[in-house]
Every structure is written in structure tokens, then in C-alpha cells.
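Across the two complexes that follow, subunit A remains constant while its partner is subunit B and subsequently subunit C.
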Partner chain A sequence: MENREKLKELMLDILLIDEDEFSFELKREDVETWDSLGVVSVAVGIQDTFGYHPSTDEATALDSVDKIIELLESNGIQFEQ
Partner chain B sequence: MTAELSLDALLARIDESTHVISGPSQADRAHQLFHKPVHSYSDELPENVHLIIAIGGGTVIDNVKRLRMQQRPEATLVAIPTIWGSGAEVSPVMVVDSGSEKTIQLDEALRPDFYVSLPELGSTVGPQMQRFACGDTWSHALEAIISPLATESLKQKLANVIRELSGLSLDHHPEWFELSRLACSYQAEAGVGLVHGIAHTLELPLSARFPDKNWGHARLCSLYLYPVMSFNQERSTKLAETCIRFHIDMDAVQQTLRDLFDASAYQQALPCLREHWMQVLRDPCSRLNSTTVKRNDLEWFEMWGAG
Partner chain C sequence: MRIIRASGPAIDAGLLEEAWNNPESFVFVPAHMSMDDAPLFRHRGYLPKELSKDHFALLTSGSTGKPKVVIGCRARSEDLTRVLHEIQDSAPVAETICALPLTYSYAFVNQWLWAKVQGRRFRPSPGLSSPAQFRQDLIAADNAMLCLVGSQVSLMESQLADCSFPGVIRLHFAGGRFPQHKLESLNRMFPEAVIFNNFGCAEALPRLTVRKAGASNDAQNVGSPLPGVELKSVEGALFFRSPFGAVATVGADGFHLFDASEWIPTGDIGHPAADGESWQLAGRTNEVFNRYGEKISLFTIGGTVEDFWPGQSAVFKTVDTHGEEAGAIALAPKPSKQQMRALLSEFRKKHNRAQWPLYIVGMDKLPELANGKPDLVSIASIGDEHVLWRQHI
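Right after this comes the complex of A and B.
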């Protein structure tokens, strides 16, 4: 599975949203379950799925799917267009 | 923080404004100790109450914490646990039973002012309940030490608790009370995970489905600790790495988890887990699990049970 697809699957599971509610432009403010617990779950999920452990500062700054991709790309994990 | 009080110091404080509450099984014992009428937590608190003594298990103590907070917040609350495991006597947490689900409420006003340690009370509880209480304590300690919110210093403290727990058999011993209080205090800071998410979700539906069986919180924590830790270990090396780093005997931990597990109860509860899986995923504790829990992970638990 490609990284974009992996990330999408992860976000569907963590945020408990349906496929039609997801987009790569999704922001934290758009989803009720992307609350403070969701921030922790996203950090754990990134580590489980991509092997990168975000620091506390990095994790709290992840307020959109775009930013997650940006963080992972800056740490050598490539996302195909 | 909740301070320890000796029984003698408590007895010296008892006067006309003292109100004693216990569960039915401890009412006689409570009367012998305090020579006062013993009330139920379903009763209203009288207006002139200044000292409330709650004696019982986690449910009794939680309910008295709620009563005090809602009706007499100025009164002093002293909790006396009759069984270890929940840590209710020192925690600012209570389990709220809405009738359809159990959730956690956290409020500093819930925390008892004092606790009295009478470990001999634990021997008045049957061996099965003692075993479940041990599982409850283990689940707090293990889920907290691998929680994504556990700091290094908290992990060190939890590791000390786990090493002590490893030396105790799964039955009555005075040390269980103190160790469960510590585990509970630390888990209140770090959070717990999927074991508790499952326990909170399944307790009411399982109790409704099998009213003659005890499907309480402690039993469910004991039951699901082994499968959930196996799930976590398959997905992540966090538990194994934590054990190595903090000198915890992983083999001893694994043996305890196996000893706490009950295969036939697991099979009996499986349809309920299947039915309530989405609710399990939404539980705040499940969302704090050390590894991500996904919708299709239900299959893992079904297969694990079959294996």
C-alpha cells in the first residue's frame, strides 16, 4: 500500500470517520474526534504506521493532514502525488 | 492528595455529625468498628454531616465520593477499602453508570480527604474476587507504563510497582493495598488503554446478559489483560523494550497474565465484544492505547480466542 493510502486508512481508523468524510485537506477543526485524545492517537498511529515518533511539540502542531504529510516528508518518508 | 489516617485517629474524630456508609456485605463490620448506624449510598446525606466514612469496595467508595461532592462538599470524607485494585480511596475519579454505559468522571472534588488502611479486610473477600482485584491492579500498572502519556519518571515509578507486584501471588496479601493505591495514582497521570476501554464498555451489557455472573470491572480487566497485551506486543515492541529498560522480568509478567486469563469466560464474552466493538473504539481509554486500535482489529480478538 502506498503511503498516501496508508495515511488515509490510519486517519479513518483513528478519527472513526467514513471514507466520504476524509480528504487530504482535512483539518483538525473539521472533525470532532480530532480532539486532545485524537492528537495523542494520531502521534501513536504515525509511529505504528510509519515508524516515526513525533515529539510532543510536533504532535501538538499536527492540525491537518497536510501538516502530517509535511512532517513525515521532512523526515524522509515520501508521499507520492 | 489523600492522606493516610490511622484507625485510632479516625475513631477519635467520630461524633454526632459522623455518617457511616457501607455496602451490605460490610455493614456488620462497619457497625462493629464505629458503633454508629450504617447507611447505604442510595440514602440522602443528612444536613448536619461533617464527617463521612465510606467502607467497601470501589463501587461503594465511588458512590460516596459522588454523594459528598453533590450534597455535602464541605464534609470530610474518609475512605476504607475492603478490597484492593480500584484505588478508589485515593483517586479523583469515579465510574459513572448511566444505565446504558459506564464512563469515567474526573474531578478533584471527588478525591477523599483521608484513607484508613485495614488490609485484614481483604481476607474477608472470596478468593475469586481477590484474584480479580489483583488483575485490576496489574492492568492499571501495565497499561499506564506503556501509555503514550507516561513520562520517564512515571515509568520508573510504575516499574518499581510492577517489580513488587511480580513477587506477590494472586491472592490476599497486605501489600496489595498499597501497591494498588500507587498503581492507581500513577495511572491517573498517564492514563490507561484498551483493557479499560473494553471493561468500561462491556460491563453493563455482559451483566445484563448474564445477571447471575459477576462481570464487574475488576473481572473484565483480569480477563482482557492477557489478550490486549498480546495484541499490543504483536503491534509494537514498546512493552518488551520497557521491560528491558526498567529491569522488569517479562517472563514473570507473561506468566501472571496467563494465570489471570480465563478462556471460557473469554469465549462467553466474545459475542458482546463483537456487538459493542465500535463503542469500545470510541472509549477514551481505547483511544489512549499504546498502539492504534482499528475497526478491523476485532478479527484479531476473534482469532486470538479461537487459537
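Right after this comes the complex of A and C.
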């Protein structure tokens, strides 16, 4: 599975959103389940799925799917366009 | 105290008839239960002399897997069957079809003893362990009473689909959440049956309240106490006093003789309903806990699952990697990815994240105890290969 698809599946699983609610422009403010525990889940999910362990500062700054991709790409994990 | 070991429903009924007519007290134990760790047998020498006659004891493994003994007075239990006979309008019932193990107090008192006291036919059936035979038994039912546990309904729907059994005129449920959401299907399968929700516990031997299915739309409503039974709620925990209940118990902590004035815990969380007469349950006391500061009830989680999932389901307690307690769900048959996402979507709609399951496992069939309830000890140890979804936490 390509990394974009992996990330999409991860966000569906963490936020319990439907496929049609997801986009790569999704922001934390768009979905009520991206709450404080959701932030922790995103960080743990990134580690489980991509093997990168975000620091606490990095995890709390991840408030959009865009920023997750940005963080992972800056750590050598490539996302196809 | 004489030991009678169960061997099969038909043989058991004959053995019990003989034992009940003999004044010596007896204990009735499941066929395969190990006696090594059964507390009654460690404490047998200390039982008061007055319990050596006219009493009986039932030994069950229970859903926790820990053996527990309840000792009852025969006269009190016979009185309970008379009260149930009146309240549940059982005069037209000619026979009872027993599809549960007789060592289960529900089958023992509500069915075998009731049949003996009221002079009705007692008809053992292998139940859902042999669906073809069970179907024949139900087809042959003649003004029959049938007792089930709620978790068996989804299996009945899958095994006995499109069947109708008009010979069953009383259908009782006990031993867990009442299948309120399955009433339409039950009314189709048992078109002539009056359906009852029975609530109680082992120490009550076994009934405390009853209600007709139609008397409430809420699965958590257990109806009103039987005449003579008192209930009270103390900080949410439910206690009872009953003229029909057990006179003593033997557990891991030893022998305990109940005082007539003693309030005995049912092990449930409950409170009076708004109508002032009936009672509402919120779950078992060991099924309510805090997770990240939120109060979690496995009973509530189970309700969300049962309202959505037509197959078997079980909800059980587990612990996450931070040591926080959480609920987890087992489903059978194994759901598709879309079905699982739809169930999770229900959780998103109805509950906050702390209430969501920590994980969901799926398998062809859930392991069960002999009494038809899900075997939560086995289910909780199901391997990672069956995990379909889990929270990242």
C-alpha cells in the first residue's frame, strides 16, 4: 500500500470518519474526534504505521493531514503526489 | 452433603427427582467441573448441621471462571416457583423445554423445580448445540415454556431462520442483557409466546424481578420486584432481600450464612425507574470503571453493539499500554471492513473517545459457557491474529 493510502486508512481508523469525510486537506478543527486523545492517537498511529516517533512538540503541532505529511517527508518518508 | 454430578439433561432430571424427595441435602455440580478447587469441598466440614437436610446447593463456574456455591432451602425455592407461576400466568403451560444446563440456577428453579411443583412435563433438549434436534423439539412443543439467555438469540436467528414455533407460549430470558432489540424477530419465531425479562442473581436463586417484554422499550428496565422481594440502591450498587433467596454461599473467602435482615449485593449497578415501580440496570459493578477520567459502562457499550450487530457479540474489560482500563469487543461471524467501520461510526455518533473499544476481534463463532453465555475469559485471551481494528493509544 502506498504511503498516502496508508495515511488515509490510519486517519479513518483513528478519527472514525467516513471515506467521504476524509481529504488530504483535513484539519483538526474539521472533525470533533480529533480531540486531545485523538492527538495522542495520531502520534502513536504514525509510529505504528510509519515507524517514526514524533516528539511531544511535534505531536501537538500536528493539526492537519498536510502537516503530518510534511513532518514525515522531512524525516525521509516519501509521499507520492 | 451428597454430591450429584450432572451427566445429561434427561438423566439429571431423574437423579434430581430422587434427590429432592430424599431429605438429605445435596449439591448438584456440572459434569466436567474439577472438584480440586471447589470451595464447598474445602469448607464442607464446617457447614452448619441445619443445612444437612432439606437444602440443596448449586455449583457454577460463572463468567469469571471462579467456582461459587449457593445453598438454598428447598421450601423457599418451591415457594418461588409458585410465585413465578402466578406472576407469569403459567397456568396454561403444559410443559417446559429445557435447553440450558440444569446446574444453572435459572434452568434448575424456573424449569425443573417449577415443573415438579406444578406437575408439568419437563422436556430436556440439547438446545443450540444440536440445532436440528432443537428445531424438532420446538416444533413438537405443546403449550410450552422455553427459557433462554439473551446472547443465544442471534444464534437462533442464524440456525432457525424462517421457523415459527407456535407451540411455545411462554418465552423467558435471563442471565444478561434482555434482547429488547430482537423482539420483532422473536415474535416472528414464537408468534404465540408471551415474552418475559427475568432479573436476578445466583444468591437470589435466582429471581428478583420480572417484566413482560412489552412493558418497557428499554432493555435495561428489569421490571418490578416479586412479592416479598425488596431492592435498594446504595451509591449505585444494587442490594436485595428475598424470602426465596439462598441461605448461604461458599466462595473463595469461605462460608457465609445470610441473616434474614441482611441486604445482599446483586453485583449490579441499578436504580429505581422514573415510574417509581420498576428498576433500571446500568451494568455489573465490575463492568463500570474510569478511563481517562470518564465513567465507562460495558453495559452501555454492549447496548450500542447489540443495536447494530445482528450476530453474536461480547464486550469485555481489558487494559491499554498505559495501564488504563478499557472496553473491547468480540463479534461473530467476522464482520467485513465496511460493517466494522459502520459499527465504529455508531460509536463516534453516540460516545466520546474514552467509551470507544480499545480493539475489536472477529471470529466465526464466539466461545461460550455451558449456559450459553459468552465465555469472556476465553474471549479476552483471543490472539492478535483475530484483531480487526484497534485504537492507537
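Simple rule for what comes next: the second predicted complex is superposed on the first by the 81 of 81 C-alpha atoms of A that agree within 3 Å, B and C clash if a C-alpha of one lies under 4 Å from a C-alpha of the other, contacts with A are read in each partner's own complex, and residues count from 1 in each chain.
Everything below uses one rule, namely that a residue touches a chain if its C-beta (ideal position, glycine included) is under 8 Å from a C-beta of that chain, and two chains touch if they have at least 3 such contacts.
This one's a predicted model, so the numbers in the text were calculated from it and none came from an experiment.
*Asks:* Figure out whether A:D18 sits in contact with subunit B (first) or subunit C (second), or with both, or with neither.
*Replies:* Second partner only.
*Asks:* Tell me the contact category for A:L37 with respect to subunit B and subunit C: first, second, both or neither.
*Replies:* both
*Asks:* After lining up the shared chain so the two structures overlap, which partner does A:L72 touch, if you call subunit B first and subunit C second: first, second, both or neither?
*Replies:* The answer is neither, since A:L72 touches no partner chain.
*Asks:* After superposition on the shared chain, which partner residues are touched by A:G45: those of subunit B (first), subunit C (second), both, or neither?
*Replies:* both
*Asks:* Need the overlap of the two footprints on subunit A, from subunit B and from subunit C, as residue ranges.
*Replies:* Dual-contact residues (subunit A): 10, 12-14, 16, 33, 37-38, 40-41, 44-45, 48.
*Asks:* For the complex, which residues does subunit A have touching subunit C?
*Replies:* Checking each residue of subunit A against subunit C gives 10, 12-14, 16-18, 33, 35, 37-38, 40-42, 44-45, 48.
*Asks:* Using the touch definition from the top, list the residues of subunit A that touch subunit B in their complex.
*Replies:* Within the complex, subunit A touches subunit B at residues 10, 12-14, 16, 33, 37-38, 40-41, 43-45, 48-49.
*Asks:* Would you tell me which residues of subunit B are touching subunit A in their complex?
*Replies:* 148-149, 235-236, 278, 281-282, 284, 287-295
*Asks:* Which positions of subunit C touch subunit A when the two form their complex?
*Replies:* The touching residues are 292, 341, 344-345, 347-348, 352-354, 356, 389, 391-393.
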